[in-house]
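Following this line, the structures themselves.
Okay, so chain A shows up in both of these, paired with chain B first and chain C after.
Entry: the complex of A and B
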């Protein structure tokens, strides 16, 4: 089963290989993601995030509390480079909400009996029952890859500037993070992979070392000088053909 | 008083490398920069200037600390220590110990048979031309 839908402003591609899993499992995934968009988008005035930011929400939901706790964890861990409350801007926890909600969607699939699936939310990927071959987009060529990795059960997230420009701000300086072209993190869950990728990207080259030191995280980074830095445990697929 | 100005300027100039210094991309340790000149013996009036030829330099053994390996080099002037220099020191004191050695390579262009693509969040327009769209269309 394959499905593609636009949610939260990006395409979400779902592939489920178990023939026994009903279409309703995919319906539930997209329904959940639409619900997340309605509840946590800072661009929707009546979302929980917008209401909290305006001081209209005295008792945040359990989910919102979990998201804000994650944001605070990564703000502290990066010395303020990752910050969802930048001066002069509204509360924007999108970077954490995305990974967290897609990971939850993957858990919905598992609960529905899916054993082999691949869920790709705008470039952030959760897989189960691999082997899966995941290409990492080349930071300078949209139709090419810079590496291919093998994933069985896990998650991959990439942060970069090539799609939406300098949208990741280093909270320590208030300026766009420009030290890296692209940074990919492999982790057991997408909650972690996506948050770490964004937070490390905000830190710049220093963030590569920070992410590499995190338990369970493997890193593949391309710096502004086009040098690749990767952890020894990054699950590079060996068979990828190199094009001159 | 005018003489003070060059002194101040030189002092500030001397600090510039310190401000410009950013923790480098090296992972575990860095070779400590060679000090411009171990200034203590020259400026200290109490040190016996006779001993330049009798000074010996000894490198200590590497000690693995919680923050990374540390190695010092000690210069003896006779029996007295005249200077101490760091040969190895942790680059990032907070994180170095846990960071695996990163492998550096050049950026490559690959094309391969893949199931899915990880990349920066793509917009609706970007998706149309993306590899993921091609994979989805192929089915």
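Entry: the complex of A and C
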């Protein structure tokens, strides 16, 4: 079964290889992701995030509390480089919401009996029952990959400047993080992979070492000087690391 | 006569193994485990 939908402003593709899993499992995944968009988008005036930011929500939901706790965890862990409450900007927990919600979607699939699937939300990927081959986009050439990795059960996320320019701000300086061109994290869950990728990217080159020191995380990064940095355990399938 | 029987037996044995290997390759291919070089299932 294959399905693609546009959610949260990016394409979400789902492939399930278990013939016994009903279509309703995919329906539930996309319904959940649309619900997340409505509830937690900072771009929707009536979302929980927007209402909380305006001081109109005194009792945040359990889900929003969990998201904000994760944001605070990564803000503290990065010494303030990762911050969803930047001065002069509204509350924007998107960097955590995306990975958290797609991981939750993967858990819905598992609960429905899916054993082999690949869920790709705009480049943030959760897999089960591999082997799956996941390419890492070259930070400067959109039509090229700079490496390919093997994933069985796990998640991978990339933060980079190519999609939306210098959109990741180093909360310590208030300026765009420019020390890296891209940073990819492989972790057991997408909640962790996506949050760590963004947080480490905000830190710059020191973020590579920070992320590499986290248990269960493997890192592949290209710095501003086009040097490739990777942890020994990064599950590379083959290297086309011509980052030049 | 016994040589012909042995050769026939060997041929049948080889055919059996060939069929088994072909079935295994086809199964791996369906699972995506034998993706052609350069092909990926997703891009991060």
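Heads up, the rule we're going with is that the second predicted complex is superposed on the first by the 237 of 244 C-alpha atoms of A that agree within 3 Å, B and C clash if a C-alpha of one lies under 4 Å from a C-alpha of the other, contacts with A are read in each partner's own complex, and residues count from 1 in each chain.
Criterion: a contact is a pair of C-beta atoms (placed from the backbone, for glycine too) under 8 Å apart; a residue touches a chain by one contact, two chains touch by 3 or more.
Please read all numbers here as calculations on a predicted model, not as lab measurements.
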For A:226 in the superposed arrangement: first (chain B), second (chain C), both or neither? first
Considering only the touch criterion stated at the top, classify A:144 as touching first (chain B), second (chain C), both, or neither. first
Is A:124 touching anything from chain B or chain C once the two structures are fitted on A? First, second, both or neither. both
Which partner does A:10 reach: the first (chain B), the second (chain C), both, or neither? first
Quick one: name whichever of chain B and chain C touches more residues of chain A. B
Contact-wise, after the overlay, does A:184 reach chain B, chain C, both or neither (first, second, both, neither)? both
Per the contact definition in the header, classify A:135: touching chain B only (first), chain C only (second), both, or neither. both
Using the superposition on chain A described above, determine whether A:210 touches chain B (first), chain C (second), both, or neither. first
Can A:158 be said to touch chain B (first), chain C (second), both, or neither? both
Both partners, chain B and chain C, contact chain A at residues 13, 15, 118, 120, 123-125, 127, 132-137, 145, 148, 156-158, 184
Across the complex, what residues on chain B touch chain A? 23, 25, 27, 92, 95-96, 98-124, 126-127, 129-133, 135-136, 139
Residue ranges of chain C in contact with chain A within the complex: 31-33, 35, 37, 39-44
Complex contact set, residues of chain A against chain B: 2, 4, 6, 9-11, 13, 15, 98, 118, 120, 122-125, 127, 132-139, 141-148, 156-164, 182, 184, 205-206, 208-210, 212-213, 219, 222-223, 226-233, 237, 239-243
Touching chain C in the complex: which residues of chain A? 13, 15, 17, 116, 118, 120, 123-125, 127, 131-137, 145, 148, 156-158, 184, 238
